[in-house]
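One chain, chain A, appears in both complexes that follow, with chain B as partner in the first and chain C in the second.
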Partner chain A sequence: MIGVLSYLVFFATTASILAIAVLGLNLQWGNTGLFNGGVVAFFGAGAYGTLILGGPPQEGMVGGFALTYPMALLGGMAVAGVMAWIVGLLTLRLRHDYLAIATFGVAVAFENLMRNAEWLAGGAKGVRGFERPFREAIGDGFLYNLVFFVAVLLILIATYVFLERLVASPFGRLLRAIREDEEAAQSLGKSPSRVRLTAFVTGSVIMGLAGGLYGTFYAFVSPQDVLPTLTFQVWAMLIVGGAGNNRGAVFGAFLIWGAWTISGWALSRFAPVEAQLYTGSVQFILIGAVIVGMLVWRPQGLLPERLIVSQQGSNPVNKRGE
Partner chain B sequence: MLILGQPWMTNVVLEARELTAGYVPDLPILRGVSVRAMRGKITLIIGPNGAGKSTLIKAIAGLVPISAGTVNFEGTDITGLRTDRLASHGIAYVPQNNNIFRSLTIRQNLDLALRRGSANGVAVLDHLFAQFPALAEKQKDKAGSLSGGQRQFLAIAMALAAEPRLILMDEPSAGLSPKATQEVLEHARVLATSGVSILLVEQNVNQAMRLSDHCYILAEGRNQIDGPSDDLRNDSVVGEIYLGGRRLRSS
Partner chain C sequence: MSLTKYMWAAFGLALALIAQPKAGYAQDCTTKIGAVLPTSVDWGRPIAETAQFAVDQVNAAGGVNGCQIEMVLRDTQVDPKVGVDAAKALVDLEGVNLLLGAVSSGVSMPILTSVTVPGGVMQMSCCSSSTAFTKLSEEGKTNGLWFRTFATTGVQSAVAAKVASDQGFKSIAVLYKNDDWGQDMARLIAADFAAVGVEVTASVAINDGQPSYRGEVTEALASQPEALYLALYPAEGTAAVREWISLGGSQKMIMANSLKSDEFRDNVGLQYLGSALGTDTASPRTESADAFRAAYVERFESEPNGPGLANSYDAAMISLLAMQAAGEGATGAEMAAAVPKVTDPNGTPITADTEGFAQARDILAGGGTVSYQGATGDVRFDANGDVSAPAVVWSFNEGGTQEVEYLSLAEVDAFIGSLK
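This part shows the complex of A and B:
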């Protein structure tokens, strides 16, 4: 019983962390139309940043600053934000597809840097030795995981509320206006590139937060955690849940993470032994198929964006708005 | 070169000189176009489809790159100005299409257009709603639900929200009924009388000629002829060549 419960807590923690990353992507893609092809780099920057800033000093490595946990987590988010700011500054003025290519390149470079820079990130071994916050007070085991899950859930809710407010704020309106017609917004004195940069950095900081929590959860991060797979999964979650809708983003995260977990379990259980090696690849194909299927049959996602544009003035049904 | 008595010290608000501009390099659409807009006047630009009227407005607004020539606004060189800096110079631009944000409410559209940090935002809004009562009633509706004419009024109200000294209007009557067109143009007249200068592109030549002060005719990216609107309207040669003569005189 406790085994099942413990597993559920484990599952829900991971799903909630991923949901935070999906919310970050939703601000970028769903609300602003920015294609981030390197989600994992910003997630990874948060994870590595948090562990390096908050971890103990280690021989042959910079870092190990042993900052108090909130500072370490904020520091990880800041690392993600600075990275996004530099990439955004260089690419956001250009055509939109350049951002996709640039972010993809950043993610590849990030993984390679982490794999090779032993002095910075421990190379292939990763960053170890991180002491999880309050571990001494709460102890290891189920109770710790439960408390950690509740904390992650609260952070997820806070992120959700923050983004909902942001979208309803004048800044959110500006995002919508720019997405609808860039030239018209410009002629009203708005600077689309500045607004986009703000949204891009904010979304990336949120991904950094998710990464920081992920690193904390495992008290360990290695280059295996920053593979392109993650970018792919986060995108699948957003597309299936419904780009532009924060509830859809969270829903998609739980759904896809559930499907990923179950398919992994089913494949390891029922697939012939000689196919076991390829479980990961089969999962990829399944996720890819889900994305393609969604885009073909329900491109707006399961919970679509609520963008009410009524055509006829006399139609009171459409007046709910906002 | 600002000498007392230069035109812009008195009443030239905007002067575009010998503009060469186009969407792609080495393919100029405008080939040396010059126009002037006077303070408190409506300056009309007409010409056949594809003449380059919208391109001229966009070049002034910084949306189309200018490869030669200058644009001067109230004595300041604004050639190739970034579009998002227009408003702070006191210029508003009402695009030909898509000039409102359909997914936002009317109120939100206007809020967006208000100058940031403007202390008297509420007063400006009140004033606009007094001018456009139809918009006041529908403040909370999505702009996408407005009729064509109401949308144009909203676009004009948005331009006014920034309290500009010059408005660039690109075919504000596009797709409107003759009556709505008349309303929009008469509103432009009221604005001009209140001191706002207007550079207006219009297809409804007859109505626009009557309401404007000065008129430029463009064709194939060049100036053809210009003069006081009344003179051009009654000039039979101009009428025959550029305005579809008989139609003009019969109405």
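This part shows the complex of A and C:
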């Protein structure tokens, strides 16, 4: 039974890391209406940033600063944040699908940069990370994975609480106001462009945090980790879970990652031997079908956004939430 | 809220599925091994089929230590997350001590650092070529659990340099696939060409899936090389070579083994490939390699011409031989330690088929060692789990490919030594 437990801990760690990234996207899309098609670029910036800052010196590469772990992780988040700030300044005046295309382009450019910049990121070989933190004290086995999982879970909870409070605050209302009607918000003296940039950078820093944890967990990152598939996966998690609802974002991450892994496992275990070679393709069909089904029958997600009328006036504008 | 109830029900169902024991297989005793390969990719599926073929042969010989082998195959989708998760599931849920795979270095590496080394599982890859593994092993961080049957890029690049120098080329341009293998190859080949006095006039990266490579090809052509070196795969190789020839580039070419494909030959046209020479690490000289080819043709009704097939076969076979040599209930580390016993140059030579495995079992039971004569020659691992291998120089002909020159392991090693 220890095997099952060990695997579940491993699974939950990956799912929690992805959930953090989905929370970041939820702030951008769910609450502010920013269509970020380049999730993987900010995730990757966090992963590369953390490993380059915290890693040991490697031949023929800059980096190897060997910072202590929390510094490296914060550094990775900062790299993601700075990148988001620059990208945001350039692209945030774009709306909807235009913004999606621009950010998607940024993600592709980021992957190509990492693939080619051997001096910076090891090129296609990738960056080998540092020894996992505290490994010497805890050892390498199940206990380590358990401790790491608890740490990731605490970070996930902290991110969740932070975002819940943010969204409930006046700033959160402002985000939704801009999402719903930017001109109305502007007419009330708000500055949509600055608020959009703040939300974009904050969400990206959270994605960078997820990337940093991911790089730490695998002690390795390569251009194969920053392919557009990840953007697609994170979006699928948010759409299925429910955009605009942080609980939905976390739930969607666990559900989709669970479906992704359980379907592979179940097919390898229960499909007949002759069909074994085709399970990979079957899995793609299954997951694609689930997402299409969700979009057709429950586009608001499993846990839809709860609209709150924060000040009950004599004439409530919106009664949908009741 | 009924949704919460559904969630718990789904979670319970998942747990029940995981905990459920495998329903009755007729076999008395089955040992599971794991394989993580990109079966959802067109070239990945034959690699998996070939590994399964080796397993079938071993099972026909009576299995390993009296147990039939069941290879549990998982798809990596060439996604590191998916591959690592699959590997972890194989180790934790299926309890495997031996893992075959993966293909891409970017997937094999995180599996090695986060699953197999911490878990003490032996990992043998057919196809990962990155030099990063050698470095990791030199630092002692693989615990001796890592092996690969894909000869490091060093052998190929050295043989290519030998070909260039034998042909008397003075200058050469390099086109390489822009991935870990291609970048390694470009770096090594530049050094090796320089060592034999051939000038590299240009080294140009080729990205996958572009509609045209005119810009890249023009850049190589502008440097006016006498010949062209190609470290590419068939799809982009075809496109690049067509443009190269249509723009008047030299037909003197040296190709890496990745272009040893009928698809490339047919799509470029044999009439343009008359002076093209390829390098490969496979050894078609040993009887066991012939046996492999014959058996493969009989089983799949085609020549084993895709990338990594012979390597995949050898990876599966050597792993199972090592498992046999390590004895019943061996851990991953014990199996890894037993690998030298089955690839001992002084051991009894055995062939790569059902009879060979049965023969090896008897010899190992008597305390002897064997020298596995595999589909890629007499495989021998160095301290870092890397293989050196005999090499061939080949060219295209009507029926496929023909051998031009054979270099034994000793000759290859001597030539590599002379380059340093």
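In the analysis below, the second predicted complex is superposed on the first by the 285 of 322 C-alpha atoms of A that agree within 3 Å, B and C clash if a C-alpha of one lies under 4 Å from a C-alpha of the other, contacts with A are read in each partner's own complex, and residues count from 1 in each chain.
Please note the rule applied: contacts are C-beta pairs under 8 Å (C-beta built on N, C-alpha and C of every residue); 3 or more make two chains touch, one makes a residue touch a chain.
On a predicted model such as this, the values are computed, not experimentally measured, just so you know.
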item: First (chain B), second (chain C), both or neither touched by A:187; value: first
item: Contacts of A:118 with chain B and chain C, given as first, second, both or neither; value: second
item: Chain A residues touched by each partner, larger count belonging to chain B or chain C; value: C
item: Partner chain in contact with A:7 - chain B first, chain C second, else both or neither; value: second
item: Partner chain in contact with A:177 - chain B first, chain C second, else both or neither; value: first
item: First, second, both or neither for A:169, with chain B first and chain C second; value: neither
item: Parts of chain A lying in touch with chain C, wherever the complex brings them together; value: 1, 3-4, 6-8, 10-11, 14, 59, 112, 115-116, 118, 122-126, 128-129, 140-141, 144, 217-220, 222-225, 227, 229-230, 251, 258, 260-262, 264-266, 268-269, 276-281, 283-284, 302-303
item: In the complex, chain A residues that touch chain B; value: 170, 173-174, 176-177, 180-181, 183-192, 307-313, 315, 318-319, 321-322
item: Chain B - residues contacting chain A, complex; value: 61, 63, 83-88, 92-95, 98-105, 108, 111-113, 115-116, 138, 140-142, 144-147, 158, 162
item: Touch list for chain C against partner chain A, complex; value: 3, 7, 14, 17-19, 22, 38-41, 44-45, 48-49, 52, 72-75, 77-82, 84-86, 88-89, 91-93, 95, 104-107, 109-110, 113-114, 117-118, 130-132, 135-136, 178-184, 205, 207
